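Can you read through this structure? Questions will come right after.
Order of writing sets the labels: A, B, C and D. Residues in every chain begin at 1.
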Amino acid sequence: MSRARSDYPWTIDMPTRWADNDQYGHLNNATYFSLFDTALTHWQMGAGLLSDAPDAPRFLVVENGCTYHEELAFPDLIVAGVKCGHVGRSSFRLDLALFRGEATEAATTGFFAQVQVDAGTHKPLALDDRARTILQEISR
Amino acid sequence: MSRARSDYPWTIDMPTRWADNDQYGHLNNATYFSLFDTALTHWQMGAGLLSDAPDAPRFLVVENGCTYHEELAFPDLIVAGVKCGHVGRSSFRLDLALFRGEATEAATTGFFAQVQVDAGTHKPLALDDRARTILQEISR
Amino acid sequence: MSRARSDYPWTIDMPTRWADNDQYGHLNNATYFSLFDTALTHWQMGAGLLSDAPDAPRFLVVENGCTYHEELAFPDLIVAGVKCGHVGRSSFRLDLALFRGEATEAATTGFFAQVQVDAGTHKPLALDDRARTILQEISR
Amino acid sequence: MSRARSDYPWTIDMPTRWADNDQYGHLNNATYFSLFDTALTHWQMGAGLLSDAPDAPRFLVVENGCTYHEELAFPDLIVAGVKCGHVGRSSFRLDLALFRGEATEAATTGFFAQVQVDAGTHKPLALDDRARTILQEISR
């Protein structure tokens, strides 16, 4: 995954919390996933990919991962970057990066592979053209 | 609130997690509330107070609090105690205590005041006789 | 505790996270304490009350609590307010409130009673004049 | 990664918590990492790999990931399995799996790649023979 800030078309500020730090005085690894999760959900809501309707399709995480290059810690202000790395039939992969403040190189990079499923049956559902266009907009 | 283990009619084991500790090397205060929450939910499910049905009444927390007597920290095995401290018309108060392992005096005591509400309207709903009997069983 | 925004001299923006919501689709009660904790820590750091030095005094939480007036939920942007409600010999109480966006009335109010302790012995340590002046600045 | 319970030489029970579930009514993805983290830390402490001494080497997570096969949710009792997948000069990879109760096939598999570093400088530190022997004991 690229660590360059300029490679991430969409970004969002994410303040850290006191409880994010573990006993080692840096963000616990689970915190990174919560930040990724929040960043991509904000992007999906803003882009019109996610709906509140109870029967709207959902995006389930099928695989995710994170590579830790430098430590982040409360009270860092983190900037999360999101880009789309791959689009499949019913699934896609979002690539994510966390930057400390103004840093141009990511402290952490990661990915979330998600599959669109029916809210009721949880069976995969093909992405329609509208969704593909939205995902394309942050592909690079 | 009583710190005596013998005052809590219902108890449950609650292992701690690595991320529960904050930078000071002890459980973050928010963790205590998550443990309380889990203990009382388990008690309510086991006692038949909580239902999974989507339209079943819910118990909303209206007030809670915690007093910290001694520090707890991962990897402590914690035992949570639950008793009912008060029953009102549609609300009740559960008193909670956290014990380190075999300790007979609580490291932490707290309470959750909950109100039963309609799942749809979120308006208070009077507790029926069955609920009162269940709550009475752990009143002391 | 007052719910009026104008009663809180110091405020900070606190974005919510996807994982803050529990199964009921609103912030889990433990999340509120993590937000309170973060707000007061930011205030204490900015005001010069908290030091990073390993042997600097610490503020331990001895009691905290929360009253829930209205539900908050991701993706709400929350504004946290902090004021000082009481100053004792070695302890003080910070009153806290969480507002949804521009709301002038708090959705949640709470408090943290903290005691200053020696980093090594964890024995209470009297607040000096400097600390008292800082606390006075957000007393109202 | 193998999903077979019999492939994981070391296991530990991990009860879920109410707040582990997100709005979708299943464990939030960050929760899985916290469970993995806790399982491997317990294993490392029990095996004598981790020391409490302030200047003892630390294991930093350099990369981790998770694949989600089936949903887990509170109040599931989860069993976590740990095995060692690779040992390098100063780093190693632990493979992890989460099983719902008595299930023989994992609902989730993942890995943590860790590097041993000096507590002060955070520079990589070669694993000694004792550490290698301990890691070998859960390699399969």
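The rule is short, and it goes like this: a contact is a pair of C-beta atoms (placed from the backbone, for glycine too) under 8 Å apart; a residue touches a chain by one contact, two chains touch by 3 or more.
Quick caveat: nothing in here was measured; it's all calculated off a predicted structure.
In this structure, the chain pairs C-D and A-C differ in their number of contacting C-beta pairs, and the larger number is found at A-C.
Residues touching across the subunit A-subunit D interface largely coincide between the two copies, over half of the numbers being common to both. Farthest from subunit B in terms of Cα centroid separation is A.
Rounded to whole angstrom, the centroid-to-centroid distance between subunit A and subunit C, based on C-alpha atoms, equals 29 Å.
Subunit D has its Cα centroid 23 Å from the Cα centroid of subunit A. Note on chain placement: the centre of subunit C and the centre of subunit D lie 34 Å apart, centres being C-alpha means.
Among the residues of subunit A, those touching two or more other chains are numbered 18-19, 28, 30-31, 34, 37, 74. Those residues of subunit D that touch subunit A in the complex are listed here as 24, 28-31, 33-34, 37, 58, 60-68, 112. Only residues 18-19, 21-23, 25, 28, 30-31, 74 of subunit A touch subunit B when the two sit together in their complex. The part of subunit D that touches subunit B in the complex is made up of residues 13-15, 17-19, 34-35, 37-38, 41-42, 45, 74-75.
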